[in-house]
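Chain naming follows the written order as A, B, C and D, and within any one chain the residues start at number 1.
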């Protein structure tokens, strides 16, 4: 009887440990979140905050999110962003990945940003040739979508395209997902796999407020 | 059925030995399951053929399998088949000296596996070149696996008989012959399909 | 205790080498599986790196799949499953009768439950433990899911891990349900009920069980490979997109398909060829008939799944395009093949439940089973029709609209043989002085829940209403009413009913009656809330939902937590009463006439020393005549 | 015996009351998915009819089951039952089976008729070029639903094939949804309109519907499609008046101007360009 009880207790402990491991390590790993750097200037009373992201063909070891897949394409430093409510986000993206091309050419259109425009290497644009796109920065629920031009194949090594745009986030706090709409690994199908479906690479969340 | 009398007159028996009956019944059941598997691939074959998205059913006109080798791969199992049936016949007639037949059957069973492996090697297909190639490859692979599995069964029966540890029984000989014939027939059908319905 | 002298003199206790290895089989199996995985993983990865030059070949699908396959082979080899085939291949002499008896568990104590044993009673208990493990691990997943759905936006889990959670819960529960009744009780009682001393293929029977633990572990190991996001239906081409975690799902499902098919083969062969003389098919207990019909479904449906999964693994490993439209394949192909297996599968769940409920019912109504033949016809009819309805899962898929009336009709037709089961229940209870023992309570709940499950099914079988309800929580509640509300309730009834025979201990306490009412009420509370959520348009497998649905989801979650607690209470009572406290049960506590209650407890290793040849149906409660006369070994039947 | 007969009468009485009351309730209650379109009202009608037909049978079987379980506690039957009766009654069984078969036949016929009256979807048509704007309300306005991981976009071939991220429909106009997908299997669900159609790559799934109520609704994906499946939903789908629709179309045309030259010609399915997307 006593021996059986001890076996029971031991197995319960083991089960508890396993469940704890599952919950902490797999169910909800707490991701590192980068907070926007606040600036002094404002637009129409709204605070202006800065973000600088980099898109690379392979995150290598720098991926703060989870660098289990160093050879995966991804946003650096991470894809969990946090901005104050009602702010104007001034986003700068250093695009270092090659050209893949959009699956749905419609995402070549710049939408939801201030004046529906973006600045590519200092040049103002309202749409991008879909075949030259490398990624998009899209927050569907805010209607924000910006195509990111890819580095041409014949460009010199470590060349990059600097894309800048502003968008306004709502005054009410909330959690918004954002993602890329280019199948930016290989192929329409497999291109939407791996990095596109793993948080921390090409999928992320924008915490407002 | 309230009151029952024993059919045998006995009130009880030592044991219920399924024996040969069990073997034959379950062999037939196995064929049923195998039929579902083959029908799955048949359905897939025609579904993909009718589907043919983007003309990707059979873009490269490769005709499969290479004719000569394929015919050999069809004829070799037939010899094994005849040998197996001869064995089963001989046992049914109570002949005892069947070692020669057994060796013959075993030889051609092994040869079957070898030839079909060689044939699949000869395909040299690019798997990403159309669904016709995909389904044909999978189907030939599954057939090969089934030939090998029944072949191993034949091997075990032959070894048991040759070494005298477990002489081959009539039921065993019959069921193994049935299974082998079943797969042979299927392989003919698959050949005809992949050869003429491209 | 053991009233039966074994048919042979007992075996000598000097353990041979083979027996020692067999005793340590589980450990050897674990070692073998680890070694096998590493070897297969290395081979696959190297081959991939060589042929495709993939830079991340270590995570490549062929490596993972080959590793899994070889780990299963290694496990079985360690367990000793390969000894017999290899021995035959080398023409070695057959094992001595003593070694066979040892393998059969004769003389082995508790240890025979932890090794490859060919005794169908040991395998039945092994099944019971494994089924309960699947059930409660999957239930834990359900608790996490309900916790997540308390709020309309992600809190407990990330979207990614939530989908894996849903997939794990559903797939584990499918594994559980496909063997819940037929595994423990089919293996344990079918040979006894048909008067056989063992199964037709005892080693095969052991194999069908020992395929389950690898399947479960492989499925759970998906969390180390990034999980899979397709749910249990694994629709292509999303499954082509998934990371390596998908391979766990495919491999595990293939193993389960193999297990279902092989156990079906074994059961049919046993029932056809191992019946005692004097027992024609028309005198088999109704539960054996249920197992018989189910086994045909398993045998004929599982190959379709195996074929489909095979093509999916090749799609993932070698970039073929069976299910990839851009490459000439079609997602509809997977949907057709999967549901051609998937719909018979749900009757693989249900028919044994019908059988075991109709088996237990007369014992508590103290009446003969009313309409034995028509109930057989009912179960056979369900089995036949179940192959003709699979496209009712695809009403909104845009596939073959002209065929919808046919599938609507065949689907609704299934309610006819199902209705027969209710007729039989009504007939057996009519004018009967029913004894409300605990199993009878679960049986009543079974009929109540399955009635709701059936009537919700009507709305889904009718195409126009299905356009509103398809893929909503209404569907989810519908199949939880059939699978959990009916099958799992039948499972609980059967556990309470058969535990005294299987273990010699009883778990039938006052607390258990309370547990019944708790589980019954919380279950209905949960899934009635979910029916409403579904009608209001909440779709399945979504981590975020419209905020106006939150109140109903909260009520569902709260009830679900109660449900989880009361299920845990059931497990607690079972473990406490039967394992820790060991409350002895009286022989034949329910005063059944079935032969399984006349053989002594614990059942002798070979069931009967001599098999009786005069049999009748075990339902003659008006005359009190037992199914057969075991002569001297028969303990006097109290009451009746 | 008498007391048993009373019990049976009480049972039947209760059942009739239950059935009638329940059916009245079901007859009056609003049924999902509502009346926002001809399709939706059709489906809610079917659901109403099914539940009104099902409820009496459901309550009857339930009452019968539990009556048989309980009555013998307080009103055991004294009548003698022969061993044969105890083991079945072929006439009763036949009646039961025939009844259920008839019920099923009625059910299936009803469903088939409903299908014939209003074919809610399915089917693949040939690719068609941009269409002229519909001149009358019953001439269908073609709207293409493009599902992709993980957002719906919509194309209006009759207005130069503009593509938008928001779904706006004119009220009272017959709409023909052409649902397709660019990657995996999705399902386009406009709950309020009673529209649900799987989006399958290289397949065109058609649903015809006429919205009848102006309002803002939710469209969502109802087939598991990957990471963001749970978020693949828009609360901004609108049914507006013809005039508002015209102005909205103008705005969208202006917004789309920069990207129009890049959009592919309108087609019912979009094959990936193998030059760009080999795999």
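The rule is simple: contacts are C-beta pairs under 8 Å (C-beta built on N, C-alpha and C of every residue); 3 or more make two chains touch, one makes a residue touch a chain.
Everything quoted here is computed from the prediction, not taken from an experiment.
Among the other chains, B has the CA centre that is most remote from the centre of chain A. Chain A and chain D have Cα centroids lying 36 Å from one another.
Rounded to whole angstrom units, the spacing between the C-alpha centres of chain C and chain D is 32. Note: centroid distance chain A to chain B, computed from Cα atoms, is 54 Å.
Shared interface positions of chain A, i.e. residues touching 2 or more other chains, are given as 177, 187-190, 192, 197-199.
Taken residue by residue, chain B touches two or more other chains at 2, 53-54, 128, whereas all remaining positions touch fewer. In chain D, the residues touching two or more other chains are 83, 183-184, 202, 226-228, 231, 271-272, 277, 279.
Pairs of chains in mutual contact: A-C, A-D, B-C, B-D, C-D. For chain D in complex with chain A, the touching residues are 146, 148-151, 153, 163, 165, 182-184, 226-228, 231, 255-256, 258-259, 262-264, 272-273, 276-279.
Residues of chain A that touch chain D in their complex: 100-101, 103-106, 108-111, 116, 126-127, 129-131, 138, 140-141, 143, 145, 177, 179, 181, 183, 186-192, 196-199, 203. Touching chain A in their complex are the following residues of chain C: 55-56, 59, 140, 144, 153-154, 156-161, 164-165, 223, 226-227, 229, 237, 240-243, 324, 326, 575, 579-581.
Contact residues of chain C toward chain D in the complex are 159-160, 162-163, 229-231, 233, 235, 237-238, 241, 319, 324-327, 331-332, 367-374, 396-401, 404-405, 408-409, 412-413, 415-416, 419-420, 422-423, 425-427, 429-434, 444, 447-448, 451, 455, 458-459, 461-465, 467-468, 470-472, 535-537, 539-546, 622-623.
Chain contact summary for the complex, chain D toward chain B: residues 83, 202, 271, 279.
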